Structure formats: structure tokens, C-alpha cells
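For reference, the structure is listed below as C-alpha cells.
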Amino acid sequence: MNNQIAYITRREHFNAAHRLFKADFSDEKNLEVFGKCSNPNWHGHNYTLFVTIKGTVDAETGFVMNLKELSRIIRTEVIDKLDHKNINVEVDFMQGKLASTENLAISIWEVLVDSLKPFSTVLLHCIKVQETENNFVEYYG
Amino acid sequence: MNNQIAYITRREHFNAAHRLFKADFSDEKNLEVFGKCSNPNWHGHNYTLFVTIKGTVDAETGFVMNLKELSRIIRTEVIDKLDHKNINVEVDFMQGKLASTENLAISIWEVLVDSLKPFSTVLLHCIKVQETENNFVEYYG
Amino acid sequence: MNNQIAYITRREHFNAAHRLFKADFSDEKNLEVFGKCSNPNWHGHNYTLFVTIKGTVDAETGFVMNLKELSRIIRTEVIDKLDHKNINVEVDFMQGKLASTENLAISIWEVLVDSLKPFSTVLLHCIKVQETENNFVEYYG
Amino acid sequence: MNNQIAYITRREHFNAAHRLFKADFSDEKNLEVFGKCSNPNWHGHNYTLFVTIKGTVDAETGFVMNLKELSRIIRTEVIDKLDHKNINVEVDFMQGKLASTENLAISIWEVLVDSLKPFSTVLLHCIKVQETENNFVEYYG
Amino acid sequence: MNNQIAYITRREHFNAAHRLFKADFSDEKNLEVFGKCSNPNWHGHNYTLFVTIKGTVDAETGFVMNLKELSRIIRTEVIDKLDHKNINVEVDFMQGKLASTENLAISIWEVLVDSLKPFSTVLLHCIKVQETENNFVEYYG
Amino acid sequence: MNNQIAYITRREHFNAAHRLFKADFSDEKNLEVFGKCSNPNWHGHNYTLFVTIKGTVDAETGFVMNLKELSRIIRTEVIDKLDHKNINVEVDFMQGKLASTENLAISIWEVLVDSLKPFSTVLLHCIKVQETENNFVEYYG
């Protein structure tokens, strides 16, 4: 059972406020493009984050990676910065970006790719961000 | 099959921003009482609302109440006012109230009890508001 | 731990076709009252059934009632008659009734109240029938 | 954040009746091959549809594609034709085909590939059709 | 908005091993009564616990009870004793009892009724323990 | 509609006990590496298994593979050996292996690849094992 590649996924949650808008659009244009998501008084979501990593199964532990360690990294680097926060205003890795689910997924990827570099036996495979029951984004780097 | 009482429940959703705080508390006191929910920059949730009504089953239709009609009332009177809104700032029936799940449930009850008055054969039975997978409030009037 | 009353619930599924209509209504009247649910060519659902019974916890077994026995009764008396069937056409206990979720719940109650009579230590407490993610009916007898 | 490929998925629902059978099989043969799914009186399901599209994230909007637009297309071209309908009898794009989940997924793909042609920046990636909690089909073209 | 009674529910999880058997039954009798649940080598579940409390909504906080406080009590008094444990062997409040879901619910009630005594404004209302997707027990004291 | 490749997935469940540990580690070392999962008295989970197979859609049946047949094989070869069992002690295909979710997924793959050999038109594509709501493993061979 050596050298077998498996994928493990950890689910985490964050509840945050956001608004979709461009500063150089008029209010009318923002409403036209982003609909009710452009509300200047904000709205919010219970976001669900799925982090998938890929690697060989360690013969000593039976793990691709220790999930406690993975969960600790995701919480420290991502969840603590997003949970009960305003994505547009307070989240360092989202500054200067439209607060869309697509950009959230890509930015979380960029944060975690760096954080996982010390773990030479695994690769980040997918970031999935679910905004509501009806829509989610996947990013594979 | 006459005069039999049944309960029907309709589920609806709204995504909104809110903040838990009291204007006459200091920031430190708000943080102590409400934790990260007191973030002055707001956060938000995908709220799920369950409206349960009680009544006899109509022999003509087999319904306690037509769910299309019930759904229309909930959307017009409650969802349209809450969805993609800031609960503290923009929702008429939450003005002057702490934006807790308990107060949301009670206020939605008060709105719907009025809206359902024309439907003399049914009674509002329960308002359930789910804020996250891990907590919800039920109010029975 | 004697004489303590608890409630146990068993979930089962059935997938069935149905149509909401009255034979003495015109097609137009049926469409007006029942909407797209009156489609003469049928439509269908994955129904979920929750059967709750109430009783004292048996000191010998720790059970209100053996769930294997309860499940066997529900399957024999209810699920086998509804699953992959047309509710209007083929289900004996729904003949002559409007195939609404309300009437389904009441009729399943009537079937199971009889079937549970030999079990003198328990009482049927609630039949809950969920038609979609967004609506369900509860009947307490 | 240019030229990054992401995948967005939209979930929709439809409730429909169907029957699995071949006209040139005897009733016994249909029962043998398709089991209770061959019931001549029909049965039905709450189907869940997941449509995944792939594209670069637009710098102006932060979107791969506007979900309101995607949802509008899915509803007009697919859901309105399937919801509260009989798949075997009434759905134009299923005529002459066995009403299996596999064929549903392939046929919905064919409809949406055409409908999405005007959107030159995105590609249809996957159609997933879930028939019950216990089975689903994915088709990638 | 004073003196209004609402119900709040907190969901928690524990993953545990157990076995249903009576020491004074033969193996055959245990198998007959408890089926595969009597396996002497144990089996286990992801249990979900719902704790519902009832009380007036505090005018100062908008809460029936602070959920952080409720969650802390449930974790300290219940979850820490059950999670990743063997219910028959290691859980103090289950010693000498059959490890059925009914007895789990009643025993958790007894623990929490005591722990909640210092909170004079609330009452424990319901303990719900879900063992699998298909069955759960509710106990109301 | 010939030669079109689709993927079908069947979901099954098993409830089992397990323990993560290495016999040649001290108790302290096992606790350090595996945390509370190393409890010598066992703990357990409701595992969910998703089996995905890939193949062309049969023109005669509209199926990639008959789901009744696939479900029968999964139950006989996998579920009956795992359900209500102790994975470390009683499951033939897990002997001598760490009872991690990764090793479970790989071992189930190896069992099913063999069992599906007689079905020359399909290939096993993915084994997904979900241990809790928050983590799962996927293995593609």
C-alpha cells in the first residue's frame, strides 16, 4: 500500500458580510450588473469551504496528511480572517478585489498554497467555496 | 376526512448582514457580551425560515392552505424585506430591536400573524429561524 | 430509569407519481386551484416519511420499541404500497381521496394506528410527510 | 488575477414522473430488466440538477459568468420543460429515448451546450443529475 | 418584546463506539433481541445531539441564553465524555445502563438538567439524539 | 446516443468501530500521532461510501450499469463486511492495515475492482469514503 495517491478533503465554515460592486461604477450600473448583491448596506452568507489536498498515503500513519494539522492551518490562515468579518473591508487577502465567490476561492488557494509549502509530500488540489445551497465555485490552481 | 387538524410547513431562505450590539454599551462591553457577533463592520448568514400553520384539511382541495398562497405572503411580507439586506439598518420590523435570532423569530411571527388574519381557517403555529447548521430558534406566539 | 416516556422516530422513503385534481372540476378550474400539480400526465416526488411513536423505555431492552420491528411494519403496510407507484391510481388507502400531502399523512396515520394496536406499550404520536425540501405536513391524530 | 480558470456550479430542481421500459419488450421482460421502475402507471422523483461551467474570471465583474443569467437559461431551456411533467410523454428533448438518469443528463447537456454558445468565454463542463439521495449521474460531454 | 417565551436549540456532535447487549443474556439471546447491534467487538456512530432550552427573551441581550455559554456547558458535561469514547465502557453517566439511544437521551437530560440549574431564567426542554439518518430519539423530561 | 461515456455513483452506508494506532508505538506516541482517535476502547462512525463507475450508456437499457446489480455487489463484497463491525478486528480486507479513511478507501477499491471485472463494459472510477460531515477521502486507483 505504498505510493498510492489519495485525495483528502476538509470542510470548514465562515459567516461573513460582503457586497459586490465596483467603486468606479455608478449605483445604477452596480445594481444592473450585480443586482441585489450590490446593496451598499451589505448582506452576508454562511460560506462553506472545502480544501482538497493530494498526496501519497504515509505507511507509518495511514494518512495523506494529518487532518488536525490541515484543519489548524486552514483555521489560522483563512477562517480566522474571514469568520464574522466583512470581506470587502477587513480581510487582508481580499483587499482591492471584487468580493465574488470566484475571487474568494482563488485568494484562499493563494494563501493555502503558501501555507502548505512546508508539507513537501502533499499538493493543494482544489478549493471549493459554497455561498448558498444553490451555487459554489471550484478552483484548481 | 373532515375536521382533521394538520400542520403544514413552508421553508424559505434569506441572506442578510447583521450585528449584535447595544448602542449604550462600550465597544469592550459589546465584545464581552456578544463576542465576534458584535463586529462593527457587520457579518452575515444564510438564514432559513420555517413557517408552520395549523388548520383543518379542506375537503375540496385536500389542503390546510394553498402553499402557493402561503409562500407568496411569506415572500412579500418577510423575505423581500430581509433578503440581501442589513437587518439592523434596513428592515422596518427590526428597527429598535437587537438583531438576535430570537428577536427575528418573534418579529416575523408578528408580521405573519397579521398577514394571515384574512385566512380565517388557519392559525400561525410556529416560526423557526435557523441561523447556522448549529443553532435555531422556535417561537410559538 | 423506569416509566420514562420517550419519542422515537423512524425515517423511510418512497418515490411516487401523483396528480392534484378533482374529477368534477373542469381542466381550467383544476389548473386554477392546483396549478402545475394538476398536470393530467402526472408528476412525482421523492417523499420522505417520519413516523414518531411514544412510549416508556423498556428496562430489559432500553428501547421504546424495537426499530427493526417498527421499520418492518412501516415497510409492509405503507412503503411497499406507495414506493414506485401512482398514488392516485394504485394505492388502496388513497382511493377516493385527493392525493395531497395532507391526505397522505392522515391516511398513513390511519393505516399505522391499526398496525400498531398489537403493541400495547406504544402510541403513534406523529406522521410527518415531506414532499420537497421546501414543504412538509405533520399530523398528530 | 487574470486568465484564471474557475468552475461555477448552479443547482436547480425539478419534480417529474417517469417510467423505465422498452415498447418492444414484454411486460415481463420490462419488469425483469427495469424492476419496479417499469411500473406502467408511472412513479416520480424530486430530481436535482447541477450545471457546472468553466471559464476565466472576468476582471470587471469577478464572475466566470453571471449566475442570474445562467439560472435564467437553465430554467427556460430545461427546468420549465421538466418540472411537474411526465418525462416520457411531455418533454421534447427526451422523445424516443429511455427515461434513465443517464439519458436525462446527456440530453440536458445537449440542450445547454447549444444555449450557452452565445457565451463565448465559458464552456459547459459537467451535468450532474441526482435522482435520489443514493444515486446520481455525471456527464462531461 | 418582554416576557416572550422562545426555544433555542444547539446542535453538537460526538463519534462513539457502543454495543447493545445484556450481560445476563446468552449470545444467542442478545443476537435475537439486538441483532447486529449486539456485536461483541463493538460498532459505532456519528451521533448528533440537539439540546433545546426554553425561556424568556432577555431585553438587554435579545437572547434566551447566550449560545456560547450553552455550548460550553454541553461540551464540558456531555461531549467531552462521549466523543471518541466507548459508551459502554468509559462514560460515567452511562454505567450500568443499556447503551440504547433512548437511554443516551435520558442520561444526557439528567446531566444537563443539573448543569443548567444555575441559569434560573431557562428550562431544559428537549434532548434529541440522532444515531443515523434514519432514526432519532426525543426526551422531554 | 451511442458510445457516450457517463459516470454513475451509488451511495451506501456502514456504521463501524475503529481505532487508529500502531502496535509498535507506545501509548504516548499513539496519542501524540493519532490524538483521541487512538482510544484503546475504540470509537466509531457512520461512514458513507460513494462508488463511481464509468462506462458507455447501453442503448438497450439507457444504463451505464444496472444500479440494482451494482448495489448488490457493493453490499455483498463491502457493506456486509463492514456494517456494525470493528474495522481493526473483524474486516478481512483491512487486516494488517491502519484503519484510516485513506486505507479504507484504497482497500474498498481493491475489493470492488476485482468484483467488477466480470462487467467488461464498465470501469471503477472513484471510491469516496466520508467519515464525518467534515472530512472525506477520494481514491481513483
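By written order: A, B, C, D, E and F. Residues from 1 in each chain.
Throughout what follows, a contact is a pair of C-beta atoms (placed from the backbone, for glycine too) under 8 Å apart; a residue touches a chain by one contact, two chains touch by 3 or more.
Note that the structure is a prediction, hence the values are computed from the model and not measured.
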item	value
Other chains in touch with both subunit A and subunit B	none
Chain copies touching (subunit E, subunit F) - same or different residues, decided at half shared	same
Greatest separation from subunit F - chain, by CA centre	B
Approximate Å spacing (C-alpha centroids) for the pair subunit A, subunit E	33
Distance from subunit E to subunit C - Cα centre to Cα centre, in angstrom	28
Averaged-CA centre spacing for the pair subunit E and subunit D, given as whole angstrom	42
Contacts with two or more other chains, residues of subunit C listed in rising order	133
Chains that touch, pairwise	A-B, A-D, A-F, B-C, B-E, C-D, C-E, D-F, E-F
Of all residues in subunit B, those that touch subunit A in their complex	13, 15-18, 36-37, 39, 41-46, 83-86, 89-90, 132-133
In the complex, subunit B residues that touch subunit E	20, 22, 33-35, 97-103, 105-106, 133-140
Subunit A contact footprint on subunit D (complex, rising order)	1, 4-12, 52, 57, 60-64, 66-68
